Amino acid sequence: MTTPQEENFMRKISAEEKIEPKDWMPDAYRKNLIRQISQHAHSEVIGMQPEGNWLTRAPSLRRKAILLSKIQDEAGHGLYLYSACETLGISRSEMIEQLQSGAAKYSSIFNYPTLTWADVGAIGWLVDGAAIVNQVSLQRTSYGPYSRGMIRICKEESFHQRQGYEAMLALAKGSEGQKAMAQDALNRFYWPALMMFGPHDSESAHSQKSMEWKIKRETNDDLRQKFVDQTVKQIEVLGLEHPDKNIKWNEERGHYDSSDLNWDEFWSVINGNGHCNRQRVEHHVAAHDEGEWVRDAITAYNEKKRAKNAQHAA
Amino acid sequence: MSDQIKQATQEYATRLGDDSVVLGHRISEWVSYGPFLEEDIAYGNVALDYIGRARMFYTYAAELADDGRDEDDFAYMRNDREYRNLLLMELPKGDFAYSQVRQLFADVYYALMLPELLQSKDETLSAIAAKAIKETKYHLRRSRDWVLRLGDGTEESHQRAQKAVDQLWGYTHELFDMDETEQLLADAGIGVDVAGLRDRWLEMVSVILTEATLTVPEDSWAVRGGRIGNHTENLGHMLTEMQIVHRSHPGCKW
Amino acid sequence: MSDQIKQATQEYATRLGDDSVVLGHRISEWVSYGPFLEEDIAYGNVALDYIGRARMFYTYAAELADDGRDEDDFAYMRNDREYRNLLLMELPKGDFAYSQVRQLFADVYYALMLPELLQSKDETLSAIAAKAIKETKYHLRRSRDWVLRLGDGTEESHQRAQKAVDQLWGYTHELFDMDETEQLLADAGIGVDVAGLRDRWLEMVSVILTEATLTVPEDSWAVRGGRIGNHTENLGHMLTEMQIVHRSHPGCKW
Amino acid sequence: MTTPQEENFMRKISAEEKIEPKDWMPDAYRKNLIRQISQHAHSEVIGMQPEGNWLTRAPSLRRKAILLSKIQDEAGHGLYLYSACETLGISRSEMIEQLQSGAAKYSSIFNYPTLTWADVGAIGWLVDGAAIVNQVSLQRTSYGPYSRGMIRICKEESFHQRQGYEAMLALAKGSEGQKAMAQDALNRFYWPALMMFGPHDSESAHSQKSMEWKIKRETNDDLRQKFVDQTVKQIEVLGLEHPDKNIKWNEERGHYDSSDLNWDEFWSVINGNGHCNRQRVEHHVAAHDEGEWVRDAITAYNEKKRAKNAQHAA
């Protein structure tokens, strides 16, 4: 039995109308969205750390400025997504609590360490690149605020990806040492980037319902294939070796065939065996806790001002 | 431009570039460590402005030096004995109060100094000043707001802010020192006579600290030496981190 | 010595040198930061022992490599992707409890591993082990005492010690991993079969932790990768500091 | 009017007998000694910091080991001197309090920053060198425990001085960059090292009484002259420029004449305008405070053990 509300909701979904905050929506839809948008927001925020790790070591002033600017954009995306998620009836501080307690996730790619300067380029190119493939598809997601957020974020992310790729190009065309650094970063980040699209469709817990509700518009495997396809040419231009020895154009499918992914490693990292799982959350908790007295000061100051203004008004 | 003036101007642009890159680096250390996300963004903004200034000053210094060096040679290939920044800029980030009080001291300084530099007969310096003045208006509004909020916030924030003021005060005197190079350029209408800014700086800072219920310290001590490369132990550690990748790959482009 | 064995032994000596220099460096970070003066001295002692071991292992690795490199080339001219130390050694010093628990884990490991290395058919490795065994007896007495005192001290020290145990546990599994190189050397009677030490390590550590009223964690997570150069983000920062002077003056003697 | 105790005390002093802890001594003698020995101890302890600043950056493993060992010796000297001072009826924790409050001083040389690796060499050579000149003379000081301490400490300090000089030699005979570093360190540390002997005899507050009581055995200016004389040749061997342009052999005096010292700077640094005055004390306070929970843990642990043993015994 579907209620008229449910019917109306599904009608909008079918008609490609956006669901807006004030609209009725099924609880599970709301929950699913909160999970996905907050995870996305947390990923932007936690993603500041692996790149921030190289902010103080960026090898030229120009690269330092670009990186600063990029990390700043990510903080901005985080803010923007937290706001979008708040329209679903959860507060930012609740979301932060969930992040810090481990109840909410962030993209597992950030559990990998950034070990060299080239990793900053690789993240911009591959990680932001994979994110864009996903986000472009999410521009058509059914929830209005999320969809509009994606449109805005995609523009900046494309910019980041170009900058990341350009940084890789400078390395790949540079000295032996630089080129080796670039190859190493590619080798380490290629596979985790593919895993960013999530498990195979057959294994994906949330996929089916998300597709029905048009929260997701394309399947994990389809998105992953797009990314695999677009990356082959980019690696060629860099003049680097493709990390996947089995990569091969399949005329019939019109796509590249590639190796099976090591899903054991994927699950292992998600389940706590990544180099940085603990570090990322501890960093966030430490900065948040250290900031408590600052937040308290603002509250106290504002209250004093309010009291003073009320006095003046009286 | 006479050779003497040219050389002095190159030294001057280097000094101002050093001030900017060092302070910008210190501010950038806050990114992902701020008390909330908006503050990470704000810090990123301010750091970007300073890195931008450093690039303009260094590029001009490199142009005047005309010896094949570029902005990165100035930033990455000089050690702390060669850096000429004011000591105030190199002190570690400390806690949030320490960074904001340092920023207030620097922002008021630039709010006074940049309009003078705008009047410089040197067109490049004047143009850099024109851009930086706008940034500094925003910076100062921000650091002033923070010092007010921290000073007149909780007991803890007040104590931290006062401690920061006391710890930093002795490093502010150097901001207004003139040496031969700077005097030469001031006389030539190129550089700023910073000695003349002292009183106004003190007045502006005092007004803000007082409004923030903080005490303006006595001038009981003063540490100097940045302009002759006599730094605190902090700069060496900062440059170690900043320069390691660049120095580990000599002659590379990035 | 066959070429294969020789190359494996060089790699092995490098690994053991890396373990020693990295842990020695971390311990040395405590000097002048200890809870009292006697502890500064003790830390200095332990750090010295590890730096000494690193020098012996690297010198042997250099001898086997026979390509003109010396101990300092191994320590100062390789980056973190080339370092082969166990991750446990590179983690930051943390608080006093964290450093002492790490030390206990390492000391028990060496207390078991070194007597085996003493039996090595490789005379140099055996000789290094002979010297190191004596040092490790003192180290282990010390770290065991500290873990007992912290674990069974105050509420705060207990909590800190337990937190350290929990945070470090996932890095101990890697200590007992064998790869082809180590298996080859173990089979040849040159290297230690560390996989075989696991149970005794766990038993010894469990006894000490239990006496210290601390809980032995479940094996719920494990981070690996040091032996293939896949490090945490900490090592890069450590090597930055450690290598900056050496790298800034290429080819110099000190 | 001198009491028999005073007479006996002065007789021993004249006869070059040592004063021992259990002996009667004038209050002023005791105070004077406490001031001097504790200042000496604090100098060893604070002196660990400027050298410790380069421990993690030492450019070779051999130098790293030497430096570690040296700093460890200094901690040992600190301990030894605190013990000697405790025989005069003051506790180590009281002394540490005085250091942290600023009531007790340490050698002002440590208010100068160590800016390059060469500074480590310069400190070993010049600062330890100046210290030894002073300490050799103090081996004959009238207070037994202090005298014996000096004899022991002098041996190790001579070793440190040789190592410091050897480190400077490696630099002075090295690359252009290394040589410049050595010259720079010499230029910066030479003058403060001369000032380690204290103000001119005519200006020295504590000197006269200390000489009478044979706490000090030679005057500040005499000791300083010895150091000036011995250093000329050492600089020559290094092939570095002497920082004092007026240095000149005076045949008549049998000593080198040298420039007047900049006593304004000396007093300025002592009075708080050194680069590191605040830093050194803050570092000490921070480490001490951070160690409080550790010291508490030992106390608690020992009490538990004691209670348990008492139970067993009962």
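Note that the chains are named A, B, C and D in the order they appear, and that numbering of residues resets to 1 at the start of each chain.
By our rule, a contact is a pair of C-beta atoms (placed from the backbone, for glycine too) under 8 Å apart; a residue touches a chain by one contact, two chains touch by 3 or more.
Keep in mind that this is a model prediction, so the values were computed, not measured.
Considering every other chain in turn, the ones in contact with both subunit C and subunit D prove to be B. When the interfaces A-C and A-B are ranked by how many C-beta pairs touch across them, A-B comes first.
Centres computed as Cα averages put subunit A at a distance of 35 Å from subunit B. The distance from the centre of subunit B to the centre of subunit C, each centre being the mean of the chain's C-alpha atoms, comes to 42 Å. Each chain gets one centre point, the mean of its Cα atoms, and the points for subunit A and subunit D are 57 Å apart. In subunit A, the positions touching at least two other chains are 57.
Multi-chain contact residues of subunit C (touching two or more other chains) are listed as 79, 240-241, 244. Taken chain by chain, the contacts fit none of the simple shapes, being neither an open path, a ring, a star, nor a full set of pairwise contacts. Working note: touching chain pairs come out as A-B, A-C, B-C, B-D, C-D.
The residues of subunit B lying in touch with subunit C in their complex are 79, 237, 240-241, 243-244, 247-248, 250. Within the complex formed with subunit C, the subunit D residues making contact are 45, 48-49, 52, 55-65, 68-69, 71-72, 75-76, 78-79, 82, 117, 167, 170-171, 174-175, 177-178, 283, 287-288, 290-298, 300-301, 304. Every residue of subunit D that touches subunit B in the complex is listed here, in rising order: 50, 53, 57, 113-116, 184, 188, 271-279. Interface residues of subunit C, counted against subunit A in their complex, comprise 79-81, 87, 167, 170, 220-225, 230-233, 236, 240. Residues 21, 25, 28-29, 31-41, 44-45, 47-48, 51-52, 54-55, 58, 71-72, 75-76, 95-96, 148-150, 152-154, 156-157, 160, 241-242, 244-246, 249, 251-254 of subunit C are the ones touching subunit D in the complex.
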